[in-house]
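This report refers to the structure that appears directly beneath it.
Read from first to last, the chains carry the letters A, B and C; within each, the first residue is number 1.
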């Protein structure tokens, strides 16, 4: 049965369906509905909700909970995600699975509470210290957010990695009809042979990101890298819309991609064929796939609710095969379908170059 | 080390892994480790105890104990322990933290864990200095005490006052048991062990947050011999940090 | 819908989070304005960061409706701002006023702060129900919500409104099932159902009077 859900609520319910019974978080607009939903819903399913004293504490509570092998998550918005970076790095180093939801708002600093995509670098290129990666998933509808939540927990467990759902205020706040998957049994999720559960039935286990011996630490790093390589080989996801015989390709993700889908229709009416390349995994980024597409067009226009962050990955992917112009607005201002169409036209007449 | 103390703690507790301690001669970290391990043995909880080590000289503590364990980011052990305990409420979870860890960078985490009455146990090593990083000022450094970042001695005007964590945490209603001890004499060691045992028992009975603060020596960074360090602790530190039970709400809770 | 039939000049919409209060409030204001000359829409939603009446201020102005909300740039702050002006409009006998209150107990709590003004005015308080929203799908859940919200808002509810929908994909069957649940709630709590909301474009007639709703809140695509 379809129901009407707000993006934030839908993500929360989807996490519960995915077998997550542990939520730690600290309120922040525009995602507090997710926190509030969890506080109402988790007790109904014998789960644990805890409002932490800060995002610093939140991420460390996740660290502890994840050590026990159970599924755990949090949600936050940009300033909170920044505070979590310390724990993110420690968890990545300790190979602890967990799911983060960052409902991005305008920045930097306190910024505002309107939607933005300006945390792309932070999510995909680091943010915390050390040579680590997180899987970053970018849904563009509420239904897709729901579907990706199951995947997020599965990927986190499978690779012992952190997974971030990079949403934005628009996705978090709007309402759409959604259908949820069946409830998964939290005890049915795979048992972890590394989890700290008390050394009664196993040799004492240690889970840390720590190794004082540089060769030992290098070895740990090589192990992380081997995992990341597998993820790159197996987990890239993306969507192509209207790309065959397109006059121009737009690269966009999340809410921005959704707006571009409307632009495609507007453009069609004016006889312009716009194709959309939408990365669903922002890390690993679909470099090869966009590289192939670049063979077919003169321009790959990147459109963002930020100032050229994904653009850098698009350029790496396109690798000089096509021009890579850019259009973006940020600070909480969302480009309209018409504005994007204007940018397309400018690119086509050579007024907007990359 | 004092030979009488040696005798009391001569037998290697089962909950220690047997890995050689990395502590300096005369450092109290090792004694406290043994006491914790003995208590865990006596309570028969080794198979269900999770330990959270800090960042500090005792960063390797998770290796020294024969228990499931991890290392928290600097100061965050109470939050990590909270996550563990909430995920597995029937396990015993304890943190081991220094004064830089607990009383400086980690004040928010310890205050809120205590205030929530988080059912965990914290062993707090107060040695009035940052050991690991080379003897810098800690929030617990005494007034006038010289450290590598207070070369003229700690001044109240510039650095504020030595912070009394046990007294502070005792005011929080979530704290079920808070006691300050030291391990300078056999009698003290026996008292300290009793306090540690009580703290774990509080957790076993689900009564709330428990903490034992142990005044400890750091001969290396104090620049004193182990014997002198012990004397300095007894004479100077106990003045600022009097021993005793600061709160015991176990009767009300039970 | 002829809102003058309710014989009051203040219309208060409360309900669960996301139950559709804002759209209803806007539609009500526009409908009222067709019959009376002075209509104000008071946005006292202190908890929703986006999609609020105040975001449609300009559009509503063209329809001759005054939107009373925190001024200018503050309307984008996530601050719970209630201006003195709001209570002013509520007690002004020259105006027909529609109040859009934030969702859940949290959103309704603010009503307590303007209680003296509310009490001095004759009003119709509508509780909006969408049975296809989380925590609102059964008789038990809805009854509990109504009790909690009327308690935290310190306000008595006069009418129920059936607003069962799943947005663009709503069909008559959804609405019929919604009406069935709302009818049970109505019988249980002895609060009458004022009307059922039906989006423009859907053909529906059922148990209760129908209020045809136009979508005014802007969508970016």
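Operating definition for what follows: a residue touches a chain if its C-beta (ideal position, glycine included) is under 8 Å from a C-beta of that chain, and two chains touch if they have at least 3 such contacts.
The structure presented is a predicted model; accordingly, all values stated were derived computationally and were not measured.
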Original post:
Measuring centre to centre, with centres taken as mean CA positions, what chain is farthest from chain B?
Top reply: C
**OP:** Taking the mean of all protein CA atoms as the centre, name the chain whose own CA mean is closest to it.
**Re:** A
**OP:** State, to the nearest whole Å, the distance from the C-alpha centre of chain A to the C-alpha centre of chain C.
**Re:** 35
**OP:** List the centre-to-centre spacing of chain A and chain B in whole Å, with centres computed as mean CA coordinates.
**Re:** 40
Subject >> chain B and chain C, separation of their C-alpha mean positions in angstrom >> reply: 57
**OP:** Going by the contact rule at the top, pick out the chain C residues touching chain A in the complex.
**Re:** 17-18, 48-51, 76-78, 106, 130, 132-135, 137, 165-169, 219-221
Original post:
chain C touches which residues of chain A in the complex?
Top reply: 2-6, 9, 13, 29-30, 33, 36-37, 40-41, 112-114, 169-170, 173-177, 255, 258-259, 261-262, 332, 334, 336-337
Original post:
Residues of chain B touching chain A in their complex?
Top reply: 17, 46-50, 52, 59, 62-63, 65-73, 76, 79-88, 91, 93, 108-109, 111-112
**OP:** Flag every residue of chain A that touches chain B in the complex, lowest number first.
**Re:** 22, 24, 48, 50, 52-54, 56-58, 60-68, 70, 72, 86-87, 90, 94, 196-201, 204-210
